[in-house]
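In the two complexes below, chain A is the common chain; its partner is chain B in one and chain C in the other.
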Partner chain A sequence: MMKSKLFDYVEKDNIIYNLTGFTKFICFILLSASVMFSYDIRFIIGVGTISFIILRVADIRLKRIRMMLIYVSVFIILNFVLTFIFSPRYGETLYGSFHPIFSFSEHYTLSYEQLLYQLTKSAKYASAIPIGILFFLATNPSEFAASLNKAGLSYKAAYPVSLTLRYFPEMIRNYNDIALAQQSRGLDLSKKEKFMTRVKNTVNICFPLILVTLDRIEIVTNAMDLRGFGKSRRRTWYSAKPMATRDWIAIILCFLVLSTSILLSVFINHSRFWNPFS
Partner chain B sequence: MEEKKLFKVTTKTIVATGIGAALFTLLFMYVKIPTGIPNTEIQTAYGVGAFFAALFGPIAGGLIAFIGHAISDSVQYGSAWWSWVIASGCSCFIMGLCYSKLDVENGVFTGKDMLRFNIYQVIANVVSWMLIAPTLDVIIYAEPASLVFTQGWVAALSNAVSAGVIGTLLLFVYSKTRAQKGSLTKEK
Partner chain C sequence: MKNDPIIEFKDFSFQYYAQAEPTLHNINLTIHKGEKILIAGASGSGKSTLGNCINGLIPFSMKGEIQGSLIVNGKETRDQSIFELSSTVGTVLQDPDGQFIGLSAGEDIAFALENECTPEGSMKEIVHKAAAIVGMDKLLSSAPQELSGGQKQRVSFAGVMVHDVDILLFDEPLASLDPLTGKTAIDLIDKIKNQYDKTVIIIEHRLEDVLYRDVDRIVVMSDGRIVADMTPDQIMSRSILPPLGIREPLYIGALRAAKVTITEDIHPGRLETLYIAKVKDRLKAWNAAQVTQPEENKRPPILEIEHLNFSYSRRRKIIKDVSMKIHQGEMVAIVGTNGAGKSTLAKLLCGFVKEDSGRILLDGKDMAGLSIKERSAYIGYVMQNPNQMICKPMIYDEIALGLRLRGVDEETIAARVDETMKICSLSPFRKWPISALSFGQKKRVTIASILVMNPKVIILDEPTAGQDYRRYTEIMEFLRSLNQLGVTIIMITHDMHLMLEYTTRAFVFSDGMMIKEGRPSEILSDIEISDRASLKVTSLYELAQKAGIEDGEGFVLSFIQRDKEVAL
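And now, the complex of A and B:
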């Protein structure tokens, strides 16, 4: 059975949690962009290590993120194997040289170039995780929409996000109720059923959930319209926090990381890839 | 029939987006139909996404898939896979373009509507999963093209099945629950 505790934000008093949602959002974007842009494994591992240290500083326990780490590991390993199966000589194209290590066949020859490319890629995915987790677990959901709005997004675009986070746990509760009720009437979703029956049974669970959802949309829309939502160009947010000096410092630091990523590519590596082979 | 504007944002669009995205997130994470082929599942979320896109328009549809996919990725993996999140948003956005031509909320969903919805849906899936997602994968993550285009094929096919079967079914059943305009006749 699924847990509705996915978004259980727990308030903590430490340097990371005390940053405003806006700061965390901007830092998340800057750091993710820097890792996404670079293909220099030294830089990527550097950012990844720093993010893991920050994770410790923020007092986020390994126990809380264990499931994510398992999912990501499976994903990275799968991607690693698939990449080799589909393009075993891709590293050659990228780095323009070929130093074989050993070969299964002429096409499936593992080279140092391929190994570096695949390791860099895996490191890229792995180091994006602590950045995302930091942002996701350490940001108050109701402050999140406020920070999107502050970052320049129209509040009409930011508001759905806060609605989503607000209604997600309720959606899970509804789903569980409906699924249990339907299963007690004999609906089977497992592999034992034929494919089309399974599709039909899934629709039978989804349909009441969707009707409930459409009703709720009607009710919430009316409630918001009655309170004059969308009449003014701007709005204030109950949970928005004012910016402090530490917020600006954090943003500047993250900005420096992104600049390093770009400068490294432009002036030292002369491409997004670090090429030790030439 | 009142003219429906494709890109008009009302309070209802906003609320439908928010709550719809919560539903999308839930389905995306937990409600998948195993096909029997390992690691390939039919995502019911895209069927429901298509349904919402047809009902509330391209803006709501696109944002529902974008927000829903981004949040469920973040919860499961700690970080979103941006190229596919963007492709998700695009697919439901394009599907939503048939919104102004449908009138499901007034109980009208004819065979012609069904065909129209499915044409939009197939185009949306082909463009998003066979063009946008692999291209972004190559640009952002420098993935080998042959791998991502194969993945794109699989995704386009399974998402088109989801939108085609579940989306059409939902639209059809939903239209039956709505009273048609002028369905009452005066007794003599």
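And now, the complex of A and C:
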């Protein structure tokens, strides 16, 4: 029960939640693209700050996304370390200069160039993530399906997104129930048991879970057939919201951010990289 | 225009491609506009298949070969499409949870409209109207997990009412509802039928509950054939139902016991219409001749629960100061609405969750500190759906699993599994794969897999949910035989028949508290308690009241005891 809460969509009434799913989807793409494109750490930190502010405006509590943030931080740190281990001199090739700071060996010499490159990369991840979280948590799954459909994806491909989210909490509940019943037959899932045995025991839970889920799929398919799913080439969406002025403003703003990212590269940095060393 | 036929089967047969034999044989049935029909039959009688032919799942989603003709709304079904049919026939399926597709009630109701490209503006309006018909208009933004089973069913109902369908088809609408909610559902169906002049088809084996409101005809199916097509009065006056694995209403059984000759002219179809003046004297005479001795239980307690409290979060207590005693070798029921705390109590007993305060004693020993695994040596837990428990492809391995996990040697295992299989009459299937078994047999396998560990107490969650009378009897007689071997059996259930016929005591839960314990006949004769626990007073009691018998509960008890004796 508790685990499934993480994925539940909770309706809220604020400016971010009230944007249409389509707007959120487009803004998500535009902002991510702008961060992905640029290697200018000033710009990236700017976007990152804005997205954290939006996160606050959307009233998404840190507590709710704590686990996600921890995973992301671990990933970023790991990435930072591994990048250095595998290509410690890459910054040199990128920026065309070499200002050493500290030397472990000839190959493993940390330079300002390498440091800037790695920090830029980490900042990219760190600022892209809140945008993703924001989109993920503040979009009603059906509305998201609706926006994918409006963006041109066939509704038959878009609908399973919403369907998965509908039945996911139930699968978790089923898994927990089955796990309890199997534990009472003597199945040990705790750390007392050896790793391989635990894996084997988990299989014992998945087998009934698959059977129960297959039964469920048959019912859902029938229910959908009976109510005309797939009848015509188009479909409308109950949860779709009409585009309002604020939606266009949001899209234009995000578009401007992407433009800045591109213009910065073309006219000021003359490359995707900001090079303070030349 | 009431007499226009709207559904016409003519020499209709159907065979699934995957099956060797036809599922429906030579069906001839005409249903007229505005009629209300009950299609009854045991599991596997073909009643659901018949329904699927009407709504178009057959042949469009479930493939097979059709012979003969089926005309719905003036056109052969096979020449229409499932979509065309769905605008004439609105189907409410059995599982209220599974057919809930949307992420909110409103969205689910709108599903059919969305698929028809109804513009977003007018869609909201239609959804609101349809929801108002079933009384769900205030809950449009609720998520499925916030709704009860009955409410989910109403949502599905509204989902077919968004179209102006002519025919409403309900596939086992009572299967997953508690008795009181089921009664409300039957009431609602009746109201809407009359108000909007719909043709209604209800597929159900729980006759007594459907007949809470009038139906025009009952069509009885058996082995893919229609064996009776009569009014309720005609059906009840002939004893054709029990041999077909369908339960007759309890009050009919009581009339038979009192040697009343049941004929059409006493209107036995429904208790409400029964001409009581004609049978009153006989009933009274029979009742006077009965001697009832309430069974006293003097055996020592096996399970004692003392002042148990439990809550998941600080805000809401799930179990509030529950104390109860269950004696060795008893067979008891725990009843109450969803969320009353029944399942949580079972979880506490098995050690899945830990009590906040209070004690659970087994054979006088405190169970606190025992792990799930350790407790399972004393208390076994059988889930409702056998598919949730079975994790080995072979019967033998499934039953042996618990022992193997405990490191018992194979020789001992073989002996124990053999013995358990014998008790559970599973020996002939020793080498079978589980996939080849029927639902009832699977249930027996799951019970066997618990029994093999020799627990003193077995807890079963809804042991007979969704089962027809024949399978119900099969499962319950099996449980009774286990009980006679000395196993204490606790059942969590909504089924009033089960309570009445198979248990000696019942505990009623409401809102986390145990509000009553007593004989089932006593509980089901108590209007207030039944209401609070979402049960329904038994028709036996109502019959006694109608006949002017003062000690209604005594009458219920006499009948149940007599019924047991007849069964033995």
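Heads up, the rule we're going with is that the second predicted complex is superposed on the first by the 264 of 278 C-alpha atoms of A that agree within 3 Å, B and C clash if a C-alpha of one lies under 4 Å from a C-alpha of the other, contacts with A are read in each partner's own complex, and residues count from 1 in each chain.
What we mean here is this: a residue touches a chain if its C-beta (ideal position, glycine included) is under 8 Å from a C-beta of that chain, and two chains touch if they have at least 3 such contacts.
These figures come from a predicted structure and were not determined experimentally.
A.B. asks: Is this a clash or a fit when chain B and chain C both end up on chain A?
C.D. replies: fit
A.B. asks: Looking at A:Met224 after the superposition, I want to know if it touches chain B, chain C, both of them or none. Which is it: first, second, both, neither?
C.D. replies: A:Met224: touches chain B and chain C.
A.B. asks: Please indicate which partner A:Leu110 is in contact with in the superposed arrangement: first for chain B, second for chain C, both, or neither.
C.D. replies: Neither: A:Leu110 stays clear of chain B and chain C.
A.B. asks: Is A:Ser162 in contact with chain B, with chain C, with both, or with neither (first, second, both, neither)?
C.D. replies: both
A.B. asks: Now for A:Met68: first (chain B), second (chain C), both, or neither, which partner does it touch?
C.D. replies: Touch partner of A:Met68: chain B, not chain C.
A.B. asks: Going by the contact rule set out at the top, does A:Gly186 touch chain B (first), chain C (second), both, or neither?
C.D. replies: second
A.B. asks: Considering only touches as defined above, state whether A:Asn140 meets chain B (first), chain C (second), both or neither.
C.D. replies: second
A.B. asks: Quick check for you: in the superposed arrangement, does A:Ser239 touch first (chain B), second (chain C), both or neither?
C.D. replies: The answer is second: A:Ser239 touches chain C but not chain B.
A.B. asks: Angle chain B-chain A-chain C between C-alpha centres, in steps of 10 degrees?
C.D. replies: The vertex angle at chain A equals 60 degrees.
A.B. asks: Mind working out whether A:Ser87 is in touch with chain B, chain C, both or neither, as first, second, both or neither?
C.D. replies: A:Ser87 contacts chain B only, not chain C.
A.B. asks: What is the contact status of A:Arg216 with respect to chain B (first) and chain C (second): first, second, both, or neither?
C.D. replies: A:Arg216 contacts both chain B and chain C.
A.B. asks: For the combined overlay, can you note the least CA distance between chain B and chain C, rounded to whole Å?
C.D. replies: Between chain B and chain C, the minimum C-alpha distance equals 5 Å.
A.B. asks: Would you tell me the residues on chain A in contact with chain B in one complex that are also in contact with chain C in the other?
C.D. replies: Touching chain B and chain C on chain A: residues 162-163, 165-166, 170, 203, 205, 207, 211, 216, 220-221, 224-225, 229-230.
A.B. asks: Please give the residue numbers of chain A that touch chain C in the complex, ascending.
C.D. replies: 1, 8-9, 11, 140-142, 162-163, 165-166, 169-170, 174, 177-178, 180-188, 203-205, 207-208, 211-212, 215-216, 219-232, 234-240, 242
A.B. asks: Which residues of chain A touch chain B in the complex?
C.D. replies: 2, 6-7, 32, 36, 39, 65, 67-69, 71-72, 75, 78, 82-83, 86-87, 90, 94, 121, 124-125, 128-133, 136, 156-157, 159-168, 170-172, 175, 189, 191, 195, 198-199, 202-203, 205-207, 209-211, 213, 216-217, 220-221, 224-225, 229-230, 272
A.B. asks: Would you mind writing out the residues of chain B in touch with chain A in their complex?
C.D. replies: 9-12, 14-23, 25-27, 29-31, 33-36, 39, 42, 44, 47-48, 51, 63, 67-68, 71, 74-80, 82, 140-147, 150, 165-166, 169-170, 173-174, 177
A.B. asks: Within their complex, state which residues of chain C touch chain A.
C.D. replies: Within the complex, chain C touches chain A at residues 55-57, 60-61, 82-83, 86-87, 91, 93, 95, 97-104, 106-107, 110-120, 123-124, 127, 141, 143-145, 159-160, 312, 347, 350-352, 372-373, 375-376, 380-381, 383, 385, 387-392, 401-402, 405-406, 449-450, 453.
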